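In what follows, chain A forms one complex with chain B and a second complex with chain C.
Take a look at the complex of A and B:
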């Protein structure tokens, strides 16, 4: 199992995580994914990838470092994002009941191995 | 944004708003322009339509020779701007889209909302059959001129 697949596997094992994927934030395309049925990975990669790229540009313009973790919370769940090296970003779609703290730890560890 | 057929306007407007595309050209597979956004000169529209239709015809023939199905889209990625050329089916026949976009958006966003526009066009297209028209009508030049004026809003 590759490092990338192993990282996705660890994230998707966290209770409440409906799927995880790695996207390229520059072009918004999926690199690898492990998603439950009904989760549109292509849309998540395009929209969340764009958001992460904009956040990084905003932070840079403000003289700040790019974000290391982003939590976008909605009524029914959240999108979690952990930017890695080379413009790659690890994304997770989680339900409202998810253990976000554990998901965050697993994502930061997995994102650190992205290259 | 200008469209020759009113039912194309809403799906195209939605695509433009969501994708942040700089230029968009919708045309039939023979290169007849249906709608445009961002072009300023009729010569540019005619040239882009002819080249786009030619490229799609070439790639479809290439796909046939390779024994595969048609290519979904052709992407040219540049540092300052990129270009997507995609052929798609509509109730009015096979159409081609040429989309030029910059670094303010991404391939993923353009593809995502392009697919949504294709679905919206399929829903919005009038159901009555298309009147067959002669390949070269007597007033071809007059019609072409009128279409280009409409597309440029003149």
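Take a look at the complex of A and C:
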């Protein structure tokens, strides 16, 4: 099992996580994914990638370094994002009941191994 | 019986398991109907023994009734359920001060200040208690001086928009067109970054709304952004505005979220007033 697959596996084992994927933040292409039925990986990559790029510009405007973790919370669930090296970003779609704290830790660890 | 109490009483009668008891008991307390407030709060506590708001409310009622020991226990219960509850910390500080234990009063106010650095009333109470603690103690047979701090009258949300310019720093309210409505934001070099950030935020709100809607995640509620050196929370107080709260990365993100929630409530009230 590759490091990437192992990382996705650990994230998707967290209760409430519907799926995780790794995408290229520049073009939104999906590099690897583990998703439950009904979760559109390409849509997640495109929508979240665009948002994260804008948040990075916002952080830059405020004189801050790029985000290392982002949690977009909707009233029915959340998107979590952990940008890694080489323009890759680890994304997860989680339900409202998910253990976001644990998912965050797993994602930060996995994103640190992206290259 | 005033209209709002009648309305709340009706609502509670129709839905006994609702949280309407909190508002009803507080309204009764504010009108001095302490026995009625106590009965309503006791009923609610019976249903929701794990609700910190209910214990906090009961403590205020007991404090008003002069049952300071009971108030102390109720605020302690509130703190067990919610260790960062500033209303309970302030309440216990008030009781310690009444009992002459200034050090304990200061310790609780300092904890309250750490939990909510943006609440000006905590800073004011701390300053007053510290002033009192350095003043000469009165002879034992003189009448006690008026208490320098008051028990928390109600869980009043603090306002970054009314707390003075210094407290507005790190809070930014932006309209749908990316124009700054209130607040200030400084970059690390001290330069004002509010307008630059505001220009980006309108687009963030649109993108967040689109992403959550298209991915079946409902309406977007907030965005938490961890950046090395800073924690940011974005919320939408209204459909036409975005609120950004930033704090140093030493602040736990969940606490920044609480500050953002409070600031959003304040922003909504403020927008209603100025709109």
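Just so it is clear, the second predicted complex is superposed on the first by the 115 of 115 C-alpha atoms of A that agree within 3 Å, B and C clash if a C-alpha of one lies under 4 Å from a C-alpha of the other, contacts with A are read in each partner's own complex, and residues count from 1 in each chain.
One rule holds for everything that comes next: a contact is a pair of C-beta atoms (placed from the backbone, for glycine too) under 8 Å apart; a residue touches a chain by one contact, two chains touch by 3 or more.
Everything numeric in this text was worked out from a predicted model, so none of it was measured.
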Overlay on chain A: chain C relative to chain B, clash or fit: fit
Partner chain in contact with A:99 - chain B first, chain C second, else both or neither: neither
Which of chain B and chain C A:59 touches, first, second, both or neither: second
First, second, both or neither for A:28, with chain B first and chain C second: first
Chain B versus chain C as contact partner of A:79, first or second or both or neither: second
First (chain B), second (chain C), both or neither touched by A:47: both
Chain A: partner with more touched residues, chain B or chain C: C
Gap in Å between nearest CA atoms once chain C and chain B share a frame through chain A: 9
Chain A residues contacted in one complex by chain B, in the other by chain C: 43, 47, 50
Residues of chain C touching chain A in the complex: 185, 187-189, 191, 193, 196-197, 199-201, 203-204, 207-208, 210-212, 214-230, 232, 246
Chain B - residues contacting chain A, complex: 77, 105-109, 111-112
Touching residues (chain side chain A, partner chain C) in the complex: 39-40, 43-44, 47-48, 50-51, 54-55, 57-59, 61-79, 93
Chain B-touching residues of chain A, taken from the complex the two chains share: 23, 26-29, 42-43, 45-47, 49-50, 53
